[in-house]
Amino acid sequence: MKKGTRLQPNLLIGAAISLLVLAMALLSLVWTPFDVTVLVVGDRLQPPNGTHWLGTDHFGRDIFSMILVGARTSIAVAVVAVGLGIGLGVPLGLAAAANAGSLLDDLVMRGNDIVFAFPALIIAILITAIFGPGAINAIVAIGIFNIPVFARLTRGSALALWPRDFIKAARLAGKGRVLISIEHILPNVANTLIVQATIQFSLAILAEAGLAYVGLGAQPPMPSWGRMLAEAQTMIALAPHVAIIPGLAIVVTVLGLNLLGDGLRDIFDPRMRGRRP
Amino acid sequence: MRHGGSLVLASLALVLAMTAPGAAQRTDVVVGLVLEPPHLDPTSNAAAAIDEVVYANLFEGLTRFGANGDILPALAESWDISPDGLTYRFTLHDGVTFHDGAALTAADVVFSLDRARAGDSVNAQKFLFADIEAVVAEDDRTVVVTLARPNGNFLFNMAWGDAVIVAEASAGTNATQPIGTGPFRFETWRQGDSVTLVRNPSYWGEPARLERATFRFISDPTAAFAAMMAEDVDTFPVFPAPETLSILDADPRFETVVGTTEGETILAMNNRREPLDDIRVREAIAHAIDRQTIIDGAMFGYGTPIGTHFAPHHPAYVDLTGLSAHDPARARDLLSEAGVEGLRLSLALPPPVYARRGGEIIAAQLRDVGIETDIVNLEWAQWLEQVFGNADFDLTVISHTEPMDIEIYGREDYYFGYGAPEFQALWDELNLTLDPDRRNALLGDLQRNISENFVNAYIFQLAKAGVQNVDLEGMWINAPTQATDLTQVYWAD
Amino acid sequence: MSLLTLDHAGLTIDDHRILDGVSLSVAQGEVLGLVGESGSGKSLTALSILNLLPRGARLSGRIDFDGTALSALSEREMTRRRGAEIGMIFQEPMTALNPLMTIGDQVAETIRIHKGWGRGRALRSAGDILAQVGLPSEKVSPSRYPHELSGGQRQRVGIAMAVALGPKLLIADEPTTALDVTTQAQILALLAELTKTLDMALLLITHDLGIVSSMADRVAVLHAGRVVETGPTGAVLAAPRQAYTRQLLAATLHRPQRIARAGSDVLLSVEHVVRDYALPRRGLFAPPQSVRAVDDVSFVIRRGESVGLVGESGSGKSSLARAIVGLDRPQAGRVRMGAVEIGPAGGGTTAILRDMQMVFQDPYGSFNPRHRVDRLVAEPLHLLGRDRPGADERSRRVAAALEAVGISPRMADRYIHEFSGGQRQRIALARALIVEPELIVLDEAVSALDVSIRAQILDLLADISNTRGVALLFIAHDLHVVRAITDRVLVMKDGRIVEEGETGDVLSRPRHPYTQALVAATPTLARAAGGEAG
Amino acid sequence: MTRFVLGRVTMMLASLLVASIVIFLVLEVLPGDPAAFMLGLNSSAEALQALREQLGLNQPVLARYGAWLSGMVRGDFGISYTYRVPVAGLIADRLWVSLPLAIYALTLSTLIAIPVGLLAAANRNGAVDLGAMGLAQIGIALPNFWFAMLLVLVFSVGLRWFSSGGFPGWEDPGAAMAALTLPAIALALPQASILARIMRSSLIDALEEDYVRTARAKGLTRTQALIRHALRNALIPVITIMGLQFSFLLAGAIIIENVFYLPGLGRLAFQAISARDLIVVRSVVMILVFAVIVVTFLVDIAYALVDPRLRQGRP
């Protein structure tokens, strides 16, 4: 078997797109061509031109500027939502695996099943109906459904590790379940978690778009890709670019993240790695 | 685009002239509506969607609204009003039957009105019946209504969808099996999809020309556009996406129909709350707003600027837009005069596009004069509870679509909390006045009162911007009430 | 006239040279033993013959079978020969069978593919073949699935599939490595018998010179992709001409220099230990079920003593080891070491572990791949609690432990994947030594290693035992290893200790029938090589 | 077997009970009064009170929960606040759209994904594989309402092959299927993309298994080994994903139902939430939770059918 890893085109393209989107979001913190909070209704629905590189929307705002700022919103929503899923799901999964077969394990797994069984979008709508729409609540709604994903994945991977000899060795070094989970299990499930996180990240961006479509994502005046797309959909016959550009932004970003996830998986997957020396 | 009747006749003549003889005429129509009615009983729910299906088609009242807002006789053939304005004697049409075959008698009228004003009534517009003291059937065809105090609006009130006449036997089941007296009767309701009405063969008046009418419920604006373009729907009387009307209008298959509504779109302010209890702050906000930009930006040009809470097409309307002309400099001056700095207000927006898009533009305009807003998008249920019910808001954008509803400014407990004594005095005088000229003058005073006090910022009168197949005739152009009157509709093939 | 000839067969995979001019031949009816350590290319030699190579493989040289050049055949012509003229058996009976197909169907498939018979007819024929390999339908129905069979039975199914059409050549790639010795003996006997009755040639690939000596007519020794020596088995084993062959032979027969110095005072005493394992519940209300893995076991280990614990898989020896080191608590009985005691109630584990450490079988799985060697080796220092040494003392002790096992302390900042299997097992020993224990439990610690590496590790263990007086509990299934390093041996079967005694006595004069069977089944090079190593 | 089923049923009931408590509590804290929504801007306090009494909203929380739960056990889901018809009938009507749509979409997704995954795995890293997996990546990345909108523009507005939405009812099955076709495609594409990827990767995993090598050594061609040995083994993860997808399709079609104005369960729930028709929301959510739990159960049984190892241990 061949040793080492060849950089996959998947990974390169995915990483390039992801970095580009990140750079756009960061750039928008310091500079955008136009102020996205200023509406110039007279200039609305302009096609791409020299002044407005990607044209203007139905309020005459510069779409390029909005895409930059929207990247920030989309990334923020996705990062925090996935972070919530990891922050709660991973400890739950670790704890369940460390106490496999116990009541705690049962509770975590049944809890997961129940969360999984709830219709996600309806619950998201309910959450925003209770707390009001807004980026924070969109994050919570998306984040809740990320918890069981990570809990399950962590538990599954951790369960596969617990019978391994190096865990026995750690137990023979007098280490308890908590310490072993942190020192030995976590670093070894990290790769799997990173891969899943990129995928959940892309799903979160799509979910934000879906929530925005039903009017529940980030609220104006903060632009988000999902809201741009949702608001522009009626304009598609009138000014197609307004609907197509945020759509493409989402497609390309999600594509990039998925490619990145695939690429990382290829690198991390032991089967793809150099075999035993 | 057309705005009046003469074009209708012209095009009708043209179409008639081109009609090939013998071509089968279409006798059915598919009407697109944005909202599905929760049920079909107009006497127990405020939803306009109910009236949009049943008004004049299924259910009728003593009087009714005409296409231009005039009050016409309906089930009441004629009436007499006592000189003191307290007694109304209605004579009912002969030979009116309900869709289940039962004859309409004065007893049904008594039942309907008594039910609506009873203590346990769940009528959404109980104020319509508030002045009624007694309803008595003199004989089968004569009903006498006695009022506690004169009410110049009584015949107008009886035209509302909430005041239709129902039979005692079917009143309880009208929600799902509506039985009325109208020219159409209910056939099926495919919940979530459509309601179908068919012609009532035993209608007492002029029979409908259509045999069948289907109301399709399409809430998604893009879907509405696609449904029109795919000709799955023949008409969308209130089209949810004004931005696409220009495309539909350019298509030879369709025409857009723009008329007036009773919807005054306002930026309502919480007059009880600091600093909005200061008239200078309210005036500043009024001056900060550029009506035309909002109409262009949110409604793509459909709408008429207003300067008070009154429909511009009404003869009593007074143009007061000058009082609160767009003047950011004046707005800033007023704010500093009031000693208000760094003002931050919440702006609650219900779901309709006028509010969501309009609100975003208003927020930007307020920002120009130094007022920051936090936009809070609310669902209707939340808006009703939070803003309307508990008056827990600073600013909100809302269209008041009930006809002649300037009366709400007389209520102290109303959500924006005005109810000034001088307004109430004017209103009481109006109710005692029957002379039309004097009434109009009083209405003008009412308009001036609220406008000069900058109770709310008045933005525009909602337009009824619809689209329909070019061959469809007889649809209402304006919307004096929220209804889809199909009684005169036909296909010019 | 040879049936199969490899003439300078070379193989590269993704430009890595795997086989470098392998030349060998197998005559009709002959058994050729192909011997080599891991990585020598012996399995890929077999796959090259069948042309079942992974992607990116390039074959060179010539492979002739029954008068045709296999390398010149098209894939279609090749499939006609696979299974029909050349059968193959693989090492891992647990994974080599399709888990979703009955064993009858899997055997019948060979017949259906080549003869185009209907399922019924092929199944009847498959039943006969299964009976022939020792799985008569009244004992093991052909409608059973692989997971319902034991490892030995599965390997019989594998053999049935390979011999169903009476091939001229059977290739067996480590066919018994995954099996217990007694099963191994049966499978080898079956292979020997089938070779005769079906008049097949057998290419037997193995790392075990013992098996070769008992099975093969001729032997070919493969090293680093080359055949270094070939010849009649007896001659090669008795008088190897090549250095590598000699080295291999020496390593196989190696016995480390260990000074037996068992003291008289008891270090560890195991008293009436019982260990049950819960089986998965069959339903929410089903009564919990369990299996008894260790059944009332008692023995002692004295200071400085080396004790062997032998038994086949499932005998309970690993469960016993886990109970001794406190990974699992016994349900009854107790384990005592000095003042510390582990019983069914809590407590004692951390304390006992300061004096007792363990080394595991798999050198690849016993280290956290994310940690550096210094951290790995230092891990048991955690046992010292508050007496844990500071950073300097810690690295000093790590360095000392590494030096003691022959690993340069400069390598302490490397990750474990940078080390070979033998080095890893040394590091595992260093990890065990760092708390200076009195007893090291070695659970199959040399089973996964090639013979030459195994010899080195055994030397190291003997050295540690000699210089430090550490007692060893040596758990193994391989009697050679036990004979080489232990003073006393315990034989375990079905959770009980069936025989106990001086290693030499027990292995040369077993009393218990099970021990006798075990000893008899173990292929010994000694016998073939003329008892010189005795 | 009875024991096994009994155990599973108890587990299912416990899950349902927990779910019912969760959903009931969530809806309790939902702001917005159904009565206020129904009566609108000019309603009088008196009328509101009367309506609340009529709807049973004035009863204490526990009594309402108890009534709802005991009603559900008897198959009586109550009367919708807004629609004024029994909720059970309302949901049944909507299920006649949502269920066929979910099945249609899943069938399409499976019919696309299995062959595509198979071809891609068989031609690993070949042109077919790269092309199919590239398309699958894009299929996953498309926001589905956007894709649905494009479908409508092309096939309804442009080509006029299908109506732009709505549902004519099952009286005319052909028209009903036609009406569900575009929504099913819009739903199926991302699912098919996911499924094809799973199919491919689990096939590739299966192809690397020892038994495939054994099969090849028996004389099976590459394709024979793929079909006869790898495929069935690869189906296990595929079935898992299909189970998850079916649940998602049943509950998650809200957006697509909106775009195509289909009278489905999701849209019913959506409308009921905005109308605060809590009794409908509760019951729809419970039905969906129930469906997911049942599907999970069926998936378990499907595992056992595919994999003999799982049949064992069940008396």
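Read from first to last, the chains carry the letters A, B, C and D; within each, the first residue is number 1.
As a convention for this text, a contact is a pair of C-beta atoms (placed from the backbone, for glycine too) under 8 Å apart; a residue touches a chain by one contact, two chains touch by 3 or more.
No experiment lies behind these values; they were computed from the predicted model shown.
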Two chains joined by the most C-beta pairs in contact, as defined above:
B-D
Cα centre of subunit B to Cα centre of subunit D, whole Å, reads 39
Provide the C-alpha centroid distance between subunit A and subunit B, rounded to the nearest whole angstrom.
45
Chain centres from averaged Cα atoms put subunit A and subunit D apart, in whole Å, by 22
Whole-Å distance, C-alpha centre of subunit C to that of subunit D, is 49
Where subunit A touches two or more other chains at once, by residue number:
129, 233, 236-237
Touching at least 2 other chains, the residues of subunit B are 222, 229, 351, 379, 382
The positions of subunit D in contact with two or more other chains are 11, 31-32, 149, 153, 258, 273-274
Using the touch rule from the top of the page, what pairs of chains touch, sorted by label?
A-B, A-C, A-D, B-D, C-D
Which subunit A residues qualify as touching subunit B in the complex?
37-39, 41-42, 44, 58-60, 129, 132-133, 215, 219-221, 233-238
With touch defined as at the start, can you tell me which subunit C residues reach subunit A in the complex?
13-14, 16, 56, 325, 327, 349-350, 353, 357-358, 360-362, 364-371, 379-383, 385, 417-418, 420-421, 428, 431
The residues of subunit B that touch subunit A in their complex are 221-222, 225, 229, 241, 243-244, 246-247, 293, 296-297, 351, 356-357, 359-361, 363-364, 367, 375-379, 382
Listed in rising order, subunit A residues that touch subunit D in their complex are 110, 113-114, 116-123, 125-126, 129-130, 202, 206, 209-210, 213-214, 226, 229-230, 233, 236-237, 243, 247, 250-255, 258-259, 271
Can you check the complex and tell me which residues of subunit B touch subunit D?
36, 38-39, 41, 44-47, 119-127, 175-176, 190-194, 216-220, 222-223, 226-227, 229-230, 232, 351, 379-382, 384-386, 388-389, 400, 402
